[in-house]
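Could you have a look at this structure, given as structure tokens, before my questions?
Think of it as A, B, C and D in the order they're written, each chain with its own count starting at 1.
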Amino acid sequence: MTEKLTGIIPPVLTPLNADGSVDEAALTKLVNYLIDSGVDGLFVLGSSGEVVYLTDEQREQVLRVTTEVAAGRVPILAGVIDMTTNRVLEQIKRAEKYPIDAIVVTAPFYIRTAMDEVETHFRTIAAATKLPVWAYDIPVCVGTKLPAAFLVRMGVEGVLAGVKDSSGDDVGFRRLVLANKAAGSPLQCFTGHEVVVDCMALLGADGAVPGLGNVDPAGYVRLWKAAKAGDWDKAREEQDRLANLFEMVFQASTLGGGAAGVGSFKTSLAAMGVFSHNRMSTPATRIEGDAADRIVSLVKEAGLL
Amino acid sequence: MTEKLTGIIPPVLTPLNADGSVDEAALTKLVNYLIDSGVDGLFVLGSSGEVVYLTDEQREQVLRVTTEVAAGRVPILAGVIDMTTNRVLEQIKRAEKYPIDAIVVTAPFYIRTAMDEVETHFRTIAAATKLPVWAYDIPVCVGTKLPAAFLVRMGVEGVLAGVKDSSGDDVGFRRLVLANKAAGSPLQCFTGHEVVVDCMALLGADGAVPGLGNVDPAGYVRLWKAAKAGDWDKAREEQDRLANLFEMVFQASTLGGGAAGVGSFKTSLAAMGVFSHNRMSTPATRIEGDAADRIVSLVKEAGLL
Amino acid sequence: MTEKLTGIIPPVLTPLNADGSVDEAALTKLVNYLIDSGVDGLFVLGSSGEVVYLTDEQREQVLRVTTEVAAGRVPILAGVIDMTTNRVLEQIKRAEKYPIDAIVVTAPFYIRTAMDEVETHFRTIAAATKLPVWAYDIPVCVGTKLPAAFLVRMGVEGVLAGVKDSSGDDVGFRRLVLANKAAGSPLQCFTGHEVVVDCMALLGADGAVPGLGNVDPAGYVRLWKAAKAGDWDKAREEQDRLANLFEMVFQASTLGGGAAGVGSFKTSLAAMGVFSHNRMSTPATRIEGDAADRIVSLVKEAGLL
Amino acid sequence: MTEKLTGIIPPVLTPLNADGSVDEAALTKLVNYLIDSGVDGLFVLGSSGEVVYLTDEQREQVLRVTTEVAAGRVPILAGVIDMTTNRVLEQIKRAEKYPIDAIVVTAPFYIRTAMDEVETHFRTIAAATKLPVWAYDIPVCVGTKLPAAFLVRMGVEGVLAGVKDSSGDDVGFRRLVLANKAAGSPLQCFTGHEVVVDCMALLGADGAVPGLGNVDPAGYVRLWKAAKAGDWDKAREEQDRLANLFEMVFQASTLGGGAAGVGSFKTSLAAMGVFSHNRMSTPATRIEGDAADRIVSLVKEAGLL
């Protein structure tokens, strides 16, 4: 179901109750909101989904609710994020209990890893599952940048089926797209860069995984459709509007990266009535006061309230 | 049992069978080798113990074997390493099934975290366990340096009982030792810097957690005793010899950090007959060929064969 | 002359004789080659011009030759790169002897500098010259990223006239372009990102400063014209071709960054007969052997031989 | 005169007049203060001397005053800091006009440089001067760590005569000291780490270049003498006192690194009457208000007022 996947696949947030447990009602609302807005797929248990904050039980809870609510309407990619190979394999066993369409895997982290060890990591994982494996290239979190040539080689050899690029390295992404095309397009190449989706569409991305797409999925769907139709002026206008909305992630600048970014999306969805509130996973701080007000203003400005 | 703990506490390696499972017989031998050599405690499930490579089940296996073999002869500190607060709490629940004396906790990793979030992390953990909590300061793995003033404040407030400093920042360590002393010494301050233990003893460290201490525990015990006796010439000589032995971690320079460092210790212990072989956790590569030969030569040169 | 400057402004290379002195004949050929290819301006003494390798005397030599040869046909921006404010002021005095149109200034480097010190730096420089001052945002070399809000504020206050963005941070660049537009466009915003010029044109860049534009200036001119005409398919095709050509900078991968990148451009221009050879400034190594052959193949493939 | 140099060599600060020019009277006082306190040499135009802020003319002024005032009483090492080889050679020509005893050279900076290029850099410089060349290992400023094996090889081949280690990497420094000893001690190995001079003496450093030694040179001289006499308790006590005094560099924490560190030393010397005031080079901010008060309190506490 993910083989020819293109378009907008938001990395689904994980709403929480006041006691820190997963808010199943809010998650249900969010999944429906996204699908009703026309997104092409869902990526659950990614960084935006606070995957590294959730216990194994909570991760399963997210998978259960999401797959039940989505009910096959769109494909579901699931992050199986853990530090090293064997721990990822355990996460895959848990994820495979649910009807997901692909898994998304980072390079090992915590310990510095050489590239041939990274290769062993992806090969071992691909050999252990029938699900398509997507590489999650997120050096800011894991400390390793996956080179374009490596990714394409893994694609050609059938180890990897796709890439979610959150590296912030657009030169690298263009090299990936071009090398992938030259190799017969074994990989689906998605960008996680939510403020340059028009640009990435222009250079040949198969789609985008925008965190901000939790807040304004319809905007990203319009942007993508305009780009596919060759209406680049409209694509840019939509992206400029979304880039302005994205300023929300810079409002709570004293908080950690997770709390400021994901926290601003949660604050927006709370204002929009999709979430009950903007609780973050411990130890991330929820956004309050002036920063929250500025975020809500941006949401209003974007016509979402 | 850890309140007045001083001296040498090696971070215990985790030997593996050829199929990657924990080698309980070799672990038993290692624990006895360390205790018989006079070490003052054991730190299991640290970075040198490949904790981030072990599944939750394997972690319990290590705790079970180690506590059974040690049988109360020395205190045991256990790493409960995971990405964020709630996941660490789950690790603590598992660790508390075994008679350990303290837990060792890093700052959150994968997601960039602000210092007040790091504080929430440690406070939440300390509130959830009766065991003393030691902070594991290892910025190269987690991306956060724990400032001396923060650590001492957490010590004064009873949140933290000790620090294992693997930051490589000796200026920071001296500031920590001085600030801790000025505050009435609420913290046990241990260095993880295995080639400057004589220096750290001079400036007031309570002890050391040397990875190389798996290979030559008696050497570190002699070094520490000489330092405590004020025989600094002898301490330096012992440390110089150990620093030469430590060159083993630079022999397999094309491998990742874990494979080169911990791998050289495993290679040594295999040559010494404590381990059956030098298998690493997937995806880390085991050391072979010339690099392994050079490591064994260093072990021989150090009089350990 | 730079007020409404848009389009392609290559960062002019500095050809050298075999003895390391500036090759005035080759520089003359290069300047004519670029202007004849239709570029909109020249940026001399930038990183690609090996400015930090040139003595003060050689810098003047480059300025003299370039301004004489250009003879007013296109505006000339000159890098006045030095470590701190007073040293930059000395460089400006030297540069002002020649009929240049603007100066390009980095943040201070070598010593870590706070943002209010960076502001003092740019204000002091702007107060000391009548020439328009462009900020050169190149964190990989100077260790400081210039924030979009800071740059726009400096534009509004008349301190800065333009920005040459070599940060590799396209999110930051889009934020800069949008904030600049919202402030009445006080700044000229140029990207140094040579493989995404189509994208940067789409999001509103005023122009590009592509190092690879030394090798294929006509290609970049065609790309820019297509973008301005709204022919994004053609712009992308041209950029894809240039991105393939850009693979030259990855061929001599064991050399330092300067030698591999600028060195590949010099190797190309030598093959094309514009330069006599590909000599680099000491201590950078010139490219030879297989790497040089692969670079020449790419030049051939691009239709430039 | 530097061949058998050991002991304390402060990196001499550069006092400035209110207009930013070099304050020759204060520099004269400082040089005499240091020599009268018993230091073993002077290192002028280092990072603490704000070398990268001084114009070429000001650098010569510092060299002239220092050599005249010192008048051969102690050896003088001079920093010839610039970005690349040819520019350093120009600095050497200027420095050689004055009776200095050695030059101190960093790796190239601004452009990323491969190690064989760094080697070419030092070889070219050594071939161009009769003065002994010391390597200045300061990765935080130049982005390159000089490996121990490289430095010792350069020592054996007569390229380098000494090392000033400001890397903050004590493991690396011990490896350097041991490898140098094993090679017949071709290098003088000095540490720039002012709060662990007792430790570095213990492990075999030839001396120290403490920035704080501008403020309390007699303290460092006492520390060094105690260490050489094997009185490690006294050495540690002196170092602990100096470590407490060093807290001054953390008082103006919002300023850039130069302004906070060197600025605190200037603030101290102004309070002590050696300097007229604590003016920093543009664009560094001078310390005022509470931070200045706290610094002066530390000076008072250390018995220097």
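Heads up, the rule we're going with is that a contact is a pair of C-beta atoms (placed from the backbone, for glycine too) under 8 Å apart; a residue touches a chain by one contact, two chains touch by 3 or more.
Which protein is which chain? UniProt says A, B, C, D = Dihydrodipicolinate synthase family protein.
Model, not experiment: these values are computed from the prediction.
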Intersection of the contact lists for chain A and chain B: none
Furthest chain, CA centroid comparison against chain B: C
Whole-Å gap between the CA centroids of chain B and chain C: 49
Mean-CA-position distance for chain D and chain C (Å): 35
Interface hub residues of chain B, defined as touching at least two other chains: none
Pairwise chain contacts under the document criterion: A-B, A-C, B-D, C-D
Touching residues (chain side chain C, partner chain D) in the complex: 20, 47, 52-56, 58, 81, 83-87, 90, 108-114, 116-121, 124, 140-142, 254-259, 281-285
Complex interface listing, chain A residues touching chain C: 168-171, 174-175, 178, 193, 195-196, 198-200, 202-204, 230, 232-233, 236, 239-240, 243-244, 247
